[in-house]
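Should a chain be cited, it is by its letter among A, B, C and D, assigned in written order, with residues numbered from 1 in that chain.
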Amino acid sequence: MRARTFAQAIHEGLAQAMAEDPRVCLMGPGVPGPTGIFGTTTGLAERFGAERVMDMPSSEQAMTGFALGATLDGYRPVVVHMRVDFAVLAMDQMVNQVAKWHFMYGGRLRAPIVFRLIVGRGWGQGPQHSQSLQAWFAHVPGFKVAMPASPRDAKGLLVAAIRDDSPVVLVEHRWLYGLSGDVPETLYETPLGVARIARPGRHATVAATSYMVIEALRAADRLAALGIEIEVVDMRSLVPLDVSTLCESVARTGHLVVADTGSVAFGAGAEIAATAAERAFAHLRRAPVRIGLPHYPSPTAPALADAYFPRAVDIERALATLLDVDPARLPAEDPPHGRWRDTPDPSFRGPY
Amino acid sequence: MRARTFAQAIHEGLAQAMAEDPRVCLMGPGVPGPTGIFGTTTGLAERFGAERVMDMPSSEQAMTGFALGATLDGYRPVVVHMRVDFAVLAMDQMVNQVAKWHFMYGGRLRAPIVFRLIVGRGWGQGPQHSQSLQAWFAHVPGFKVAMPASPRDAKGLLVAAIRDDSPVVLVEHRWLYGLSGDVPETLYETPLGVARIARPGRHATVAATSYMVIEALRAADRLAALGIEIEVVDMRSLVPLDVSTLCESVARTGHLVVADTGSVAFGAGAEIAATAAERAFAHLRRAPVRIGLPHYPSPTAPALADAYFPRAVDIERALATLLDVDPARLPAEDPPHGRWRDTPDPSFRGPY
Amino acid sequence: MSRAAPLPELFASMLRIRRIEEAIARRYPEGEMRCPVHFCIGQEAVPAAVCGQLARADRVFSGHRSHGHYLAKGGDLVAMLAELYGRETGCARGRGGSQHLIDLDAGFVASAPILAGTIPIAVGAALSATWRRSRSVSVVFFGDGATEEGAFHESMNFAAARRLPVLFVCENNAYSVHSPMAGRQPAGRRIADMGKAYAMPAAHADGNDVAAVWRTAAEALARVRGGDGPCLLEFETYRWLEHCGPNPDDALGYRASEEVDGWRARCPIERLRREGVPGEAQERALEAKFAAEIEAAFAAARAAPMPDPRDLGAFVHPGRG
Amino acid sequence: MSRAAPLPELFASMLRIRRIEEAIARRYPEGEMRCPVHFCIGQEAVPAAVCGQLARADRVFSGHRSHGHYLAKGGDLVAMLAELYGRETGCARGRGGSQHLIDLDAGFVASAPILAGTIPIAVGAALSATWRRSRSVSVVFFGDGATEEGAFHESMNFAAARRLPVLFVCENNAYSVHSPMAGRQPAGRRIADMGKAYAMPAAHADGNDVAAVWRTAAEALARVRGGDGPCLLEFETYRWLEHCGPNPDDALGYRASEEVDGWRARCPIERLRREGVPGEAQERALEAKFAAEIEAAFAAARAAPMPDPRDLGAFVHPGRG
């Protein structure tokens, strides 16, 4: 095992992809800066030059167009937004131009751009800095959308995205950045559109995205003590959606809980649940259940945020109901490492 | 019956709401212009003055902020976008500010703004002028979202939206503008969040939005000849979603087809289908089916557009499969009024 | 130094655009070109004079009113008409229509109707041109209305900050659909004055005087090509027909008829003709040539096949490159 | 004519902001203010001198670095601290945190961290003020980075086109997070020069010279109040601490230490002190007063209740108004 953090895995993927292909370039405010997008781009400007690792003004809309224009000369830009929320300013260029670029000129142009959108949860990121809008991008024809949940996939999906000729939106969750795991040294791909059985099990399926995979694995761990075997499917991509892995798992278990990082209503989980209802209807023994954010903006105060963001315990409760387990038998939730649950682990320090 | 077109109904709703409440004002490029947003605003500037019926520069993003700022003085702006696609330029102000305005200042501010977003389908509107992005707005906490399908509701939902203290997104489909129907003269509301049984039936439910209600009614008409009774539920609002009307209908019929004007994938139909799967699971005899746009951008050429946009015939086929009706028994589709099906009725003339 | 305006060629270029637009307008009511079309009749001088001095490798971008730019840059006429007719042989294979013209061989990269949408893309192309140490420049055409969009500012700012080889060309026809400038933009300043916000050289000229457009563009292009960074040009001109579609719209009353008549009298083609350019015989020859070309082009476009509905899903995602 | 700068009052206003920010910085590492905080230490002159000459009915808007603007406009200190502590008694009831300050009684309408996000809102408030024939003006504060956003341009354009009563105030501290101006904005022009793009009067001054800020703002406010339309002001200043958080960040190396030291030497408070304002005794009295006020405010804020998690869904949709 070659242990690397999620952030290091992204860094390595970027460095290797840039070394492999001189057309790969990075753009975004702060990308070449001293803190290097949470450490994921540090030193790359020094190594590959300021032309390929570009600082940018705060002009999210036009920056997207700059990247698109550069594809005309064969470049393959990776555009970075420190918060998903900032990409909201770029929706016109992303949706009206980039996503449709190949199609609307009859295949004569391509837009091989990767958008790294970071979900900024925790420490009071609040209403304008912690949205999780993957469902938007997945809804727009032309994009591929991936959401890595492990260091290995953080690198592998990034490399696959960079090599793909479609525009790809990568949603990276800040709470995964410190997570450590096995990351091969080679330049490998995690194919877009292929889910992963993160943990096999036979009593129920939890189909999860991004950071919710970690919470699902925690839930599975804790339910194992009760003899309940949960299968955790890390969806990895929303577009293409791996319908067969999802439905085969549901066919094995008969139960589905979907856990996504975004709002439940009209969210990614709706597509996953609806797909399972359509394609694995005969196998579903009970109604599918969705876990995610309630239909409220993201609050800042930790007293509210702790109640807002779903955790393993919410998944456990949903599974208990599905599987007729007396909720009283569920293990008590671990206490937070401090007073609040708004930071991912004890070593994390504010400001953010 | 007081027959008015959908466009006239909007006009009347605006005029009456402005007469009732001097705080209601309209903004948007072309709003006071000679063609008056497809006739929905004609003459209002003359009647209510240029201050309340404001032309605007093409600055969609900032225009949204102007409307929001005006709410500080108690105004209730109705912001008009001639195409949904133009609102994409305003997503930052709409989503990061307007939708969260009341919440993120702890209830001290309100954003009673109505956004009229027009879906520009047909006559080669093409990739950048015919998107139907209601699922986006419905996914963002803070908005209410409504989609009138009849002249009566075009007025009633508009009036309800104007009087509501939340920001409300109204999605208006161009192909409904010429539709005629009964429109009461009084200033009435169609309550947000209440669906309507547009046609009762007992064999299957079609839950439809906006223009797809018309196609669903056509399908129901044609299937009636085979003795099949389809219940058409006009969802009318996405947020709040009328879960009980939906689920009660499914409980009666046991079958659900969802027909939405947008892309199927991660679309409004996913939420409706998932909700039915969750809340009416025991009543569903077969898997729900979704009808909508394939996951491709909108093509311009009529030869492609005719295949792209779903019609009654697609709903009929889905119902036939659900109800074990031999598709050969389905009535043949009516021929188009011209060579193509890219205009709503024979009296329609280009350019658009 | 740049050469003097080649007036006979510019005349030919303008006349060709005019005749093509007129032919489209004539056939549009047949209902076979089933997409919105924005005619540039009356505005031909700017495309002719600006594109007339570009190399093939220079890249042109435009918006909804793009026929003139496409044609003047050398875009294929049959492919454009086929696009309007929704044919598989259209320049965008029928997927885009009149508002999505493209001819990469001619260096006409892309037009698109979302206002200001192609402006940042043109800047990006200029950026990557500098990476490649290429000498090609980006030229982007847009209307007065498009300058109201934030993307215009973001693009101007970045192009100036990085001194990129972009020529920003505003065709100011005084209206955005039916809205006049008053209330949309500040009084007492020209659009060209916005260059000052970015320390960007800018110039303004009569957009119906093809020689003036030529000179103004020549100077700006010399700067841009010389590596001195971007320039902004504003040309005042006027659209003769309705905003979208083939008819006059004087009945709507948003433009005073004296104003419309005044501008019609300032026809850029007629202006040269009055100066004796190119001469009657030459003009007759041009008319005959264009008439034949246009007729043949319409015939070819109309004979071309429609896209196959089974290919609806083509070009959504490219194969691996 | 406006009165001369009331230096002792401005000193007091700046010192108060400084001491409050220092107190927050001191307690921030305790980990009880759990939200990102952007300190304005070093930049106190602009909020003090601009807000110091506003009426309560004038409406102020700001961005992420808003403490100074809120306090100088008369925002309630306890409510601000309670907001940082995530308390139900916070000015935004804990929903917003440091980046969403509000005090409607004081005419501090809203701050929000999305860059340039409040600029159009301020313009809209000015628009509706004209509808009401009110004499209140909108003042919006933003950084140099925010001027790169398209919404800035769209707002300037519209405010100028309609001659709205808005004062645009740019605090140019030469950095956007860690990025210097070079490469982000054109060389050879000031941000104030952007006024020319909109025929909008603009001025530039040393943002660490509180008297200069006062004079510059006074002139502009007289114009804006007089119905002559908007003005743009640019004040050069400097942030002493890291972009976000309570510590210096000299170790990151993006700012030369001579530069940081040079600006620290140009402390706006020290500058007045050197000129003998307000005098030692007065200063001691102010220090004592602020220390007591701040201690009491922290105590009150910390004693206040947390929001009840059962109220998570409150304020998503208002009741009918």
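To be clear about the criterion, a residue touches a chain if its C-beta (ideal position, glycine included) is under 8 Å from a C-beta of that chain, and two chains touch if they have at least 3 such contacts.
Since this is a predicted model, take the numbers as computed values, not measurements.
Farthest from subunit B in terms of Cα centroid separation is D.
Centres computed as Cα averages put subunit A at a distance of 42 Å from subunit C. Centre-to-centre separation of subunit C and subunit D, using mean CA positions: 45 Å. Separation between the centroids of subunit A and subunit D, computed from CA atoms only, is 35 Å. For subunit A, the set of residues that touch two or more other chains comprises 56-57, 59, 61-62, 85, 89, 92, 96, 103-104, 126-128, 141-142, 294-297, 299. In subunit C, the positions touching at least two other chains are 90, 92, 94-96, 100, 112, 114, 117, 148-151, 154, 157, 161, 183-185, 316.
If each chain is drawn as a node and touching chains are joined, the picture has every node linked to every other. Here subunit D touches subunit B in the complex through residues 59, 90-96, 100, 102, 104, 109-110, 112, 114, 117-129, 131-132, 134, 138, 150-151, 154-155, 157-158, 161, 314-321, going by the rule given at the top. Residues of subunit C that touch subunit B in their complex: 28, 31, 34-37, 86-87, 90, 92, 94-100, 112-117, 145-146, 148-150, 176-179, 183-185, 244-246, 252-254, 306-309, 311-313, 316. Partner subunit C is touched in their complex by these residues of subunit D: 148-154, 157, 160-162, 182-189, 193-194, 196-200. On subunit B, the positions that touch subunit D within their shared complex are 51, 56-57, 59, 61-73, 75, 92-93, 96-97, 102-110, 112, 141-142, 144, 163-166. The touching residues of subunit B, when paired with subunit C in their complex, are 29-30, 33-35, 55-62, 85-86, 89, 123-129, 294-297, 299-304, 306-308, 338, 340, 342, 350-352.
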